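Naming follows writing order (A, B, C and D), and every chain is counted from residue 1.
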Amino acid sequence: MKTYNLEDKSIVTIEDEIEISSDNLQVYYGDNHAIFDATLKFPKNQITSLIGASGSGKSTYLRSLNRMNDKIARVEGKIMYQGTDINAKKVNVYEVRKQIGMVFQRPNPFAKSIRENILFGLKSNGFKDKEFLEERLETSLKEAALWDEVKDELDKSALSLSGGQQQRLCIARSIAMQPNILLLDEPASALDPISTSKIEDTLTELKQKYTIIIVTHNMSQATRISNYTAFFHLGHVVEYDKTSKIFMNPTMPATADYIAGAFG
Amino acid sequence: MKKRNFFSTLVMLGAVGAVLTGCGSNNASSTNGKSDASEHAAKITAVGSTALQPLVEKAAGQFQNENKKISVTVQGGGSGTGLSQVQDGAVAIGNSDVFAESKSGIDASKLEDHQVAVVGMAPVVNKDAGVDNVSMEQLKGIFTGKITNWKEVGGKDEKITVVNRAEGSGTRATFEDAVLKGAKAVKSQEQDSNGTVQKIVSSTPGAISYLAFSYLNDSVKPLSIDKVKPNDENVASNKWKIWSYEHMYTKGKAKTATADFLKYMNSKDVQDGLVKKMGYISIHDMKVQKDAKGNVTQK
Amino acid sequence: MKEIQNKLLQNSKATREDRFGKVICYICIGFIIALVACILYFITSRGLATFTKDHVNLWGFLTGVNWNPGAVDAHGNPEIGALPMIVTSFSVTILAALVATPFALGMAIFMSEIAGKKGTKFLQPVIELLVGIPSVVYGFIGLSVVVPLIRKTFGGTGFGILAGTIVLFVMILPTITSLSVDSLKAVPISYRQASLALGANRWQTIYKVILRTAAPGILTAIIFGMARAFGEALAVQMVIGNALLMPKGLVSPASTLTSKLTTDVGNTVMGTLPNNALWSLALILLFMSLFFNLIVRFIGKKGSIKK
Amino acid sequence: MNPKRTNNIATGVIYGLVGIVVLILLFLIGYILFNGVPNISWQFLTSPAQAFSAGGGIRDQLFNSLYLLVLTLIISFPIALGAGIYLAEYAADNWVTHLIRTTIEVLSSLPSVVVGLFGYLFLVIQLNLSFSILSGAIALTFFNLPLLTRSIEESLNSVSDLQKQAGMSLGLSDWRTITRIILPVALPGILTGVILSAGRVFGEAAALIYTAGQSAPSVDYGNWNIFDPASFLNPMRPAETLAVHIWKVNTESVTPDAHLISSASSAVLIIVILVFNLGARFIGNWLYKKMTATR
């Protein structure tokens, strides 16, 4: 692998309304500095992809955005959301995570029924009204394009679903909480092509209502679904721009080499 | 990682060490719980000798039937426990197989002795030892380790396995007083309970031990000593020397409910009924009397 | 916006729940620690009284071979030598653990790796059943089966370390087995699949991957087994012979710390030397189990693969 | 030696070991049941014990054992649960945690009689709980805590991290995630711990002699007033359990049928434990299925 000057970067200025942004974000695992000065702004109701080689820090960055790295890593810098620095200590992390949902690489439904998977979070937050819950159940499953497949067996164990269905259930579970932002950490990497394309379709639909940030290994996936793309390399954000720009005409040599398949 | 582990253990040892600096005075503090509280509630607790427990428990049951307001709890724990707890005032009655005088750490003058039964003990051997009578000297020889084969006392050519009783137990003290008379017992197996001794002697060829009369049965062979048979009449007349009292001690003079209960223990009802049924010898039948030092006098 | 900001900054139900949960957990662990501290203090203070109050020589206590707290020796010191019991306790525990571990591991591997669900379903309740059999029953079976068997095979009385080892072996087997099964089951399936995919056969997978991964858990299982063996009294007391002699071999009567403690503690008077001496035995027991604990953990650290 | 042969030999050895263990188990259980079952009768199970005459039963002892088990679990399970959760979820990997683990393991190696005497001096005398089921239950808690705590911790740890992350990502509190999501999945493992410790409760004698006592005063099974000394539910009454009864009958009893009582009681004990194990497993599986919706 060539060495690049990591201090050089090309970050586009975003004109649209910003939903969430990070300002000089640093992440440390013990003594190991994992993310350097990540400053990124994510536009509302758009899909942004985070790409980069394994170990480039894109997942770490994503997990920092809704404070999933608490207790695991030390995160410094600001994360601005709704005019509040949600990386501050006094912030209610549970509220943060409620508004910024997350879907993981491997499908991880609860060992409960399909219905409970969707409703557990809501019930835990004190929603008791039956009608409201049923309504949420149906809407979220529909939004996640799972309703037609499971509507007759809502009381079956979620673990009996196929991998792709489980992952869509996880997406439905997240959106049932009515978040503003959805973080997805390589949501399709463990799935077959058909499931993957179903998930991609779902995401394209979902961006009407949510701001989506997705980590992906799959560059064609990034081009297919995302409006913006950020390229991570060795913990640095090297380039951030419109997806078309990044893939057609990257500014930075590292980005160009990565897209050309020179490494990663 | 290793270092941390050792460190944690060091801290643990340190904590143990810190704890011991303040240990001198704890003995009194942990046992001074309640005094005489049991009597106010007309609740009597008797603790101690496991051998005596069944008798007292049964008597307590009958006693409660007649005195509904009084509840009597009887527990084991051993003679030492009984004596120290009654001395500390934690319980109303301390049951003991031995005279309080013989226990170090017990101030016998503060305790009042109530003798409730007499227990006789007999040496027992495994059936195939081929012996049914020994002299006192021979018995002493066996338990001091001078005689090691049954053929030396007229039995089979079989090694003698001595099974002694637990150090400090009432049975052992009685036996050693009567048989060894100050000589030191050979180091050997020790068992605490009558039941276990019975089982071991009956299953181990060449084994010898001693049991209270009530535990004698077909599985083991009791020995006569100098042709005197181990039975109740011989104990009553002191022809059979190995016997002792069962004591129920109170701290100072027994009061109210406790006194009533002790009186009941001494009544004809209990002495001729329960005491005999449980294999003890009634205190009323004794023709002689033994004091704490082992001196026997005619009644 | 303002509303969301407020939500973000205010404590919610979840915050309270978490605080509540933490408090509960800390109370529980605090309670356990207090309990342990209490009991440690209790044993240590009584156990050390022998040395501080009755001025018994610690070295003499650890190396002496005569135990007779009621009497004094030629120099006017009480005869309190615990060495024979220490040696016996050590031998019985280690032997029992040595014998039981391969069997328990074999059982555990069988139950978690080889036998199907049916085999496990049958074996598990049976093993758990054994834990509940009272010591006394083990003791009596030992007395009526094991001791005569040893007597016939090796001569002597049959009482001794060997009989104690056999009885303890059976008693600690279920503990080690069932805890080991748990550890083996906790090894992720992906490890097995990965190993098999690399062409390793079943045994190689078990030996090189599963056992290594589960090593710390298995060692804890062994510690728990040894701890049980170490603290067991009633059963051992019946078959070991309870003779205060230095063990001469595996079939000569001997006495363990616990059997002595259990036999005599009811017959002594609190606060007197014979009683304190027994608490000193309990203290040794405590230190020895601590020591075992350390050794096993030390071995465990060396043997386990780094994560 | 080639890997294939090693594999075969190893498998053979394991089968051999298992075979021997199974033989031992069968012998033990067979021995106890064979000696005991013929002596069990309805009358034996339902009549009170006799001190010196034959024909005594084990009614009170049997009930006491079960009641003591329930009380012990009520006391020790919540504590062990809290401690287990602490160790699995909150404890940092540092020397304090190691220290705590070590102390808990040491606690499990204390001889019964030491715990019994501690219980006697501390609970019975100092706290004035007198010889009672409650004292016994607290003393047994000492034994149960290490085992339970460990099995709860291990079961919680064996649940995949993904489940916890899922809970976190929904904005649930850690506490809720642990108790409502992870705990149900860990249930079968926890159950093993409960069953093992229940076995210990059933089988323990030495510690109970000094705490729950060794006499079984007759109680009224129709009296549901928990505070009435005569009530069978009163936790402040002395209670001899089945294991203590077996011990007593074997060591100091003068009843002519001591041997019969002892072997029959042992058999009853085994059967009760078996029923409890199977019952606990059944209920556990049912709960597990209900909570996790796996069918």
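Here are some notes:
The working rule: a contact is a pair of C-beta atoms (placed from the backbone, for glycine too) under 8 Å apart; a residue touches a chain by one contact, two chains touch by 3 or more.
Keep in mind the model is a prediction, meaning the values are calculated, not measured.
Two chain pairs, B-D and A-C, are compared here, and B-D has more C-beta pairs in contact (counted per touch definition above). When you average the Cα atoms of each chain and compare centres, the chain farthest from chain D turns out to be A.
The distance from the centre of chain B to the centre of chain D, with each centre set as the mean of the Cα atoms, comes to 33 Å. The centroid of the Cα atoms in chain A and the matching centroid in chain D are 47 Å apart. One finds 78 Å separating the Cα centroids of chain A and chain B. Shared interface positions of chain B, i.e. residues touching 2 or more other chains, are given as 5, 9, 12, 30-31, 50, 76-77, 81, 192, 196, 199. Touching of two or more other chains is recorded for residues 94-96, 99, 124-125 of chain A. Under the contact definition stated at the top, the residues of chain D that touch 2 or more other chains are 102-103, 121-122, 171-173, 176, 250-251.
Counting only pairs that meet the touch rule, the chains in contact are A-C, A-D, B-C, B-D, C-D.
Those residues of chain C that touch chain A in the shared complex are 1, 4-5, 7-15, 18. Looking at the complex, you find that chain A touches chain D at residues 66, 68, 93-99, 101-104, 106, 108-113, 116, 120-121, 124-125, 155-160, 170, 173-174, 177.
Every residue of chain C that touches chain D in the complex is listed here, in rising order: 13-15, 17-18, 20-22, 24-29, 31-33, 35-36, 38-40, 42-43, 102-103, 105-107, 109-110, 114, 123-137, 140-141, 145, 170, 173-175, 177-179, 182-183, 185-186, 200-204, 206-207, 217, 220, 223-224, 226-228, 230-234, 257-258, 261-262, 265, 282, 285-286, 289-290, 292-293. Of all residues in chain C, those touching chain B in their complex are 37, 40-42, 44-46, 48-49, 52-53, 68, 70, 140, 143-144, 147-148, 151, 157-159, 237-238, 241-245, 253, 255, 262-275, 290, 294, 297-298, 301.
Contact residues on chain D toward chain B in their complex (touch as defined above): 51-53, 94-96, 98-99, 102-103, 120-122, 125-126, 128, 130-131, 209-210, 213-215, 217-218, 229, 238, 248-254, 258.
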